[in-house]
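Scroll down for the structure; my scribbles are underneath it.
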């Protein structure tokens, strides 16, 4: 058996942090992605511009730099506001951006931009005839979205979504650099303390591959679900 | 655990309110960067310990407040104080003018020198511009040793900056670094004592110029927390008078 | 030159963060970043060409190791790969006594190795996809001309696959530029390393990281336009005809 020098439990905790971080960021990213896609498809000139600016900047700056900017800078930015509140009204509020929150926000923000592109393409791929059919049945706008646009869009969005998820999962490793005890950081600490880099880093690598394989399987099932009615059409 | 994290995530929307009565001395949080043996480090089971930790706890007891320790990486430690992530820094921080612009310091509670450390067979005897030419020098990012080495030898030597003292020791062990520049007690504990015979101090211990090496280690407060700083200064005087300080000092540095 | 420096000094007067010294760090950081990214992409590309052909080989002992290599390097974070290579080489017994240590001692080469292997894995998959999607007609035409397998690969399949891979490869180049930011973790003073230095010394996160972010943004745009130009030149024949 491999000797983990007592780091086993912390490594497991780290793996949980990685998964929590990835899932919460994914939820935020999907939410932002839907918003961005709508903004980019909207008739409003301003919304369109804002959406484009957001995706351009996010895709132009490294994840790590954005993360440091938000983690180190974001706190000071928020404090400028709370300091002002304190000075003006003697209200002492403290909003803490810890490593976890900074991680979720940055990763969510980054992948929101990529999701936006995925969703936009998928919405455009939905056959407008289906939507018209829904309207003809007297469905409300929101019902059309829930029953027709969204499920049809998901079919087209899933491959991109699954791809983004795989990249997102690996991006979570960067939070170890700003100090969050995810599994990469625990492994780095453990390998420095025990002088056995291979043991811990290889375990972490295998866990990443495992998560990726499980999610690949999950996405394949989802795809099957959303492919209902298209099965024969390859 | 998950629930708590989701809660803290919701914080931006709802704002976690730390209710306080003004001006009164309240429970405080103290930031510390580990490991920095023997000043602050963890025991194998994860407990914080070290000179700063023991002295800090004794000071808090003397002032009569509850203190909670928060671990924070060095390169974000002053921004974190200004950002009110915690109220005090007690983490082997040297008092100097550059930092005085940002924070309010207590009186110094210990004044250790800095020193160069290298392999026992190092060819360097007196670290100066000639001797360090072409060498790879290790420092911890954002420390006064970083500033000093960068300003004096940045042009002739490669300066490698590390996030923690541990990283530096690892690269020293592997032979990637020729020489490192550290607070003397830390180098003594991590290089001389734990790896006996392989390393030695190179040249004199350094305390000058004051512009870099300042006036010893102090606790750092936000500028506006003058009352808190004064309370700690008074407590320090008491602990030195009643022998508690001496006791803690002996535990970590011997006689 | 002196006049220029004087002018610059005047411009920077009264600014405690962006001095000639820190700008120098950013400048050197930019050079390091560009070197690191360019070299790893170049070597990675050279490696990826035979790998992508081998990836589709009929013999399992060629195909499977390449598949495994791609699977591992694409499935794990680059940071983990970097840690493994940087700290791992140290524990190879006696490496400090060989000539290899001369190049592995500095952090640049271990980082370069990690980045190169990573981009080689991604590029292999990109080329593999492009080779697989070669139009049947092109292959049949080549066969009809009596070309050998090898000649067909060289003259027909690869050139057309390169063109089709171009947009995806452009993304990979930008991805590598962004991924290179983690080089600062192993003490390399790249652009991000310079920003972290300035941040830690002056406690000025906004100035330090915004400045680096702006430079990265410019680099990204330069790459984007370069690839758009290439696509325009090389993929002109694929454009829909305009009246």
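Read from first to last, the chains carry the letters A, B and C; within each, the first residue is number 1.
The criterion applied here is as follows: a residue touches a chain if its C-beta (ideal position, glycine included) is under 8 Å from a C-beta of that chain, and two chains touch if they have at least 3 such contacts.
Computed from a predicted model, the values in this text were never measured in an experiment.
Chemist: State which chains count as neighbours of chain B and simultaneously of chain C.
Modeler: Correct list: A.
Chemist: Counting only C-beta pairs in contact, which chains form the busiest pair?
Modeler: After tallying contacts for each pair, the winner is A-C.
Chemist: In whole angstrom, what separates the CA-based centres of chain A and chain B?
Modeler: 36
Chemist: When the C-alpha atoms of chain A and chain C are each averaged to a single point, how far apart are the two points in Å?
Modeler: 24
Chemist: Any chance you could list the residues of chain C touching two or more other chains?
Modeler: 87, 90, 196, 199, 205
Chemist: Quick one: which residues in chain A touch 2 or more of the other chains?
Modeler: Expected reply: 72, 76, 192, 195.
Chemist: In chain B, which residues are in touch with two or more of the other chains?
Modeler: 79, 82, 170, 173
Chemist: Residues of chain C touching chain B in their complex?
Modeler: Where chain C meets chain B, its residues are 87, 90, 96, 101, 105-107, 187, 189, 193, 196-197, 199-201, 203, 205.
Chemist: Can you tell me which positions in chain B touch chain C when the two form their complex?
Modeler: Residues in contact with chain C: 74-75, 78-79, 82, 102, 136, 141-142, 146-147, 160-162, 170-171, 173-176.
Chemist: Hey, which residues of chain A end up touching chain C in the complex?
Modeler: By the definition above, chain A touches chain C via 57, 59-66, 68-69, 72-73, 76-77, 166, 170-174, 176-177, 184, 187-188, 191-192, 195-198, 201-202, 204-205, 208-209, 212.
Chemist: Give the list of chain A residues in touch with chain B in this complex.
Modeler: So the residues of chain A in touch with chain B come to 6, 16, 20, 24, 71-72, 75-76, 79, 82, 90, 92-98, 100-101, 104-105, 178-179, 192-193, 195.
Chemist: Within the complex, which stretch of chain B touches chain A?
Modeler: Chain B reaches chain A through residues 1-2, 5-6, 8-9, 11-12, 15-20, 22, 44, 72-73, 76, 79-80, 82-85, 166-167, 170, 173.
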